[in-house]
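After this come two complexes, each holding subunit A, first together with subunit B and then together with subunit C.
Now for the complex of A and B:
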């Protein structure tokens, strides 16, 4: 972690700085169409799950799908949009006596907090229809971690790109790669006898992908996959036994890495 | 006359407490004969009321009598052989708690061992025994509304009957491992049995059929056993409205023909290799309107021919339908496949010899793009269900980590539009839309009104 990032983090503990950053982000979110649409869809999804799900497990499975396809994408778009929204103001902002990474970190934390609130619209309605509190609570936290990861990815893409279009192309391409690309490559690679000799290597590829980690954790938690079906190697066995902890870890690592990249980019922009 | 006198004497006696052979206090009529003596003294077709308290077994019933237990009546075997052996036709056991059979699998020890016809075993509780009810070469037995609880532990002080086999691996572990337990109801070479309304748990297999034909199994609940139904070499049997849940496998039906399996529930049989319903080498049978939900593998077919699979709900399983090799002539119609992580597994088997629609009516597959221009509830486009993993499940088990992946859904979607070469799939020429049943109901209603 760079010295500037450390200083930025310490500044966030300063009440005035944090308040200024968070207030700014909340106000921007209030007028952000992404958040309007996302909030509306989250509420509709939550009510639909409450009304139409056959049982508690169906609710969990529905939320898993929503998190995988929509929450991750909206988080990424929110990150991209937020980074690019104030591109014109960077010169002015950077005259403030704050290290650049503090903008990135503050923005990330504020957006994550906003997502935490918006996701409640998705997760609260099923609870009124009798969904299991512990299951939904765990899924909520995991979905929030997933959202934070893709917020960080979106911010990184937003800060790296020269304009909004480029940022969207880069961000969505990365999302498609993580959502479909990695697994398609893995599926076809699994047919190759050379890979079959090293199953742990293959498993590692999936473990490093936050979307795969999230999916595996949620599916095992919902008992959709019998654990013994997959854990034929030591690493696979360890993953199935610690899927929740692993996902939390990989989400934090991805978020931190993306934030670092974005912060480095901000510093370079200064030069 | 003497028997009647004995019966009167037995019933007029006051109950008193005496020591049982194993030290447990027993309650039986004072100055009266033992239950075995009363049975021996009874006339054919007499009714013997069994008073509350523990009555020492083992009993041997060699004449047609009715044993009716009053509340709290228990017949306890001596821990060796059978608690009750029925070797006469037309015997009835009702309202008893029956315990304490031996534990020798090689001797087929059972709480109730029946070698005669037309026995009626009703409203009993059977526990602490190897097999619950064992039918050997009998006909017309009725087993109704009993509760059978398997023996899960051995007494720590008891000498293991089969040392080192029946117990867990630890010396101090008294758990009786499931494959060393007995079956709830065990039938061999029998016929015309009626098994209705029983609850069976913690046994090895719930109901075991071997060379047993023309039986009716109805409204039973079987849970926490190895196989709910373990069934071999038995034909023309009917299974209606039973529930098999929380077992290692719901039901395994093998080497049999001409069965009717209707309205049963195979639910939540989880764990590796846990099946809802296995059909192995079984032909010309009907599977109708069963619910097969939340199992590791819902329905498994292997070497089965000419079966009719109609109107079943196969939902929320890890694998919905596993289709093994050498199966042909099976007809699937009006089945619902939803929320299975893998609707179909064919491996590398050739499944083209089976029909996925009968008389133009196929099955309901989740996420199907519904194109129904003539509004008959049947999709105008065929449905291709992809087995994304194929033989990789066997060759590379870690591939299971891709279950539920968006990439697999993408492939499934693509395969709907154009066949992906090299991937195994089944094709339903007339898949149903979600409105099919509503349309059918409307048509039936209209027909009724016309009539």
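Now for the complex of A and C:
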């Protein structure tokens, strides 16, 4: 870790700085319509899952779909919106005695904490209806990691783009690519005989995609797929045996990579 | 105290600063005047740590703005030409955020709002403020941290004459409290009364240092003039 990064982290966890950043983000989240809609839909989804799911597995499967399509998109939009909303203020923010990476990382941590709170609205109601605590707890943590990953992607898109429209186009395109694009590429690639000789290439592509990684981990955790079904290559076997740890790792790597890119971008930003 | 030596800055291939050297000492208001495009704003942004020089060095209170950016920024407060705040936050929330960031007691936010006549707008979102009110919030932000170095880029453009005068009096007072104040402007006549020193900037260099009182004495036509890009003002700059 470089001296500059160490200094940035020590400043980030300085009490005054952390309080300033977290208070600001919480206040902004309270008046942010994205978070209003997200909270309302999360609560409705949580209650609907509790009321209408036939069994615990069905509740988990419902939450898996919500996390894949709804939480990831909202986290991305929240990141883009948050970065772009204060674009005009950068000339004041960046004359404050706070390293720019600290500001970027502080914002990310504060928003991730807010997501941790809002996601409880989605995951608590099924518990009252008798859903399995350990299963829902694990799914909650995985969904939070997924949200953090896409939050980081949204922030990076917001910091890189010149305006909100560009940031939204880039962010949503990346989300669609990860949601459908990677799978489509893998599907087409699998038809080539060259690729068929190296099935691990195909598996690697899926493993590196946080959405596929989350999907596989959650499906196995919910026992929607028997583990031996995917145990065709050594890599796939390893993946299915360590799907939880792999997803946690890939989510952290993606978040860290996006935050590093965003920090580098802001370090180089000049009005 | 502000010390800059041979600062150069290029935007792409275009040189904006061609070796600016200046010194603004504590207890003085230093005026930096010049036409549009002279490099005044770029110099102040560079001193505030917003942009980096291609060559040269600058020190704020003894701290190098490139190598010791955070220490230097702890010693300064910067007011841009058009200060922008988060549009969804209120005036009080904005000031509290910056107060927390700089470890300033929150009670000082109320004092700053009172000083700038924004008490009634404390709970107004900044997006609802007029240009003048936003500028006054900028002044509150500038004075909040009680920093020993104040950098102002064309301040008061959106302020009415009464508030402009109050800003000048405030800066004069702050300089007498031992602060180094650097103001860029092209409104010489308005600012020369509070200035202790006046630096003429043109084409990315400090062309000469002027005595503010001599300036109006020797060139009375400046009293009503604004240094800008039009023909008259070019003549004034040339005359100086």
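Note that in this section the second predicted complex is superposed on the first by the 263 of 271 C-alpha atoms of A that agree within 3 Å, B and C clash if a C-alpha of one lies under 4 Å from a C-alpha of the other, contacts with A are read in each partner's own complex, and residues count from 1 in each chain.
Here is the rule we use: contacts are C-beta pairs under 8 Å (C-beta built on N, C-alpha and C of every residue); 3 or more make two chains touch, one makes a residue touch a chain.
Computed from a prediction, not measured in an experiment: that's the story for all the values here.
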item: Clash or fit (per the criteria above) of subunit B with subunit C on subunit A; value: fit
item: Touching partner for A:244 - first (subunit B), second (subunit C), both, neither; value: neither
item: Vertex subunit A, arms to subunit B and subunit C (CA centres, degrees, nearest 10); value: 170
item: Partner, of subunit C and subunit B, that touches more residues belonging to subunit A; value: B
item: Which of subunit B and subunit C A:199 touches, first, second, both or neither; value: first
item: Closest Cα approach, subunit C to subunit B, once both complexes are overlaid on chain A (Å); value: 36
item: Contact residues common to both interfaces of subunit A (with subunit B and with subunit C); value: none
item: Subunit A-touching residues of subunit B, taken from the complex the two chains share; value: 270-274, 294, 296, 316, 318, 339, 341, 388, 392, 395-408, 410-411
item: Footprint of subunit B on subunit A - complex, ascending; value: 57-58, 61, 64, 68-69, 179-184, 186-187, 190-191, 196, 199, 202-203, 206, 212, 215-216, 219, 223-230, 232-233, 236, 239
item: Contacting residues of subunit A [partner subunit C, same complex]; value: 7, 11, 16-17, 19-21, 23-24, 27-28, 31-32, 85-86, 88-89, 91-92, 94-99, 270-271
item: Residues of subunit C defined as touching subunit A within the complex; value: 45, 48-52, 69-71, 73-74, 76-78, 80, 83-89, 93, 96-98, 100-103, 141
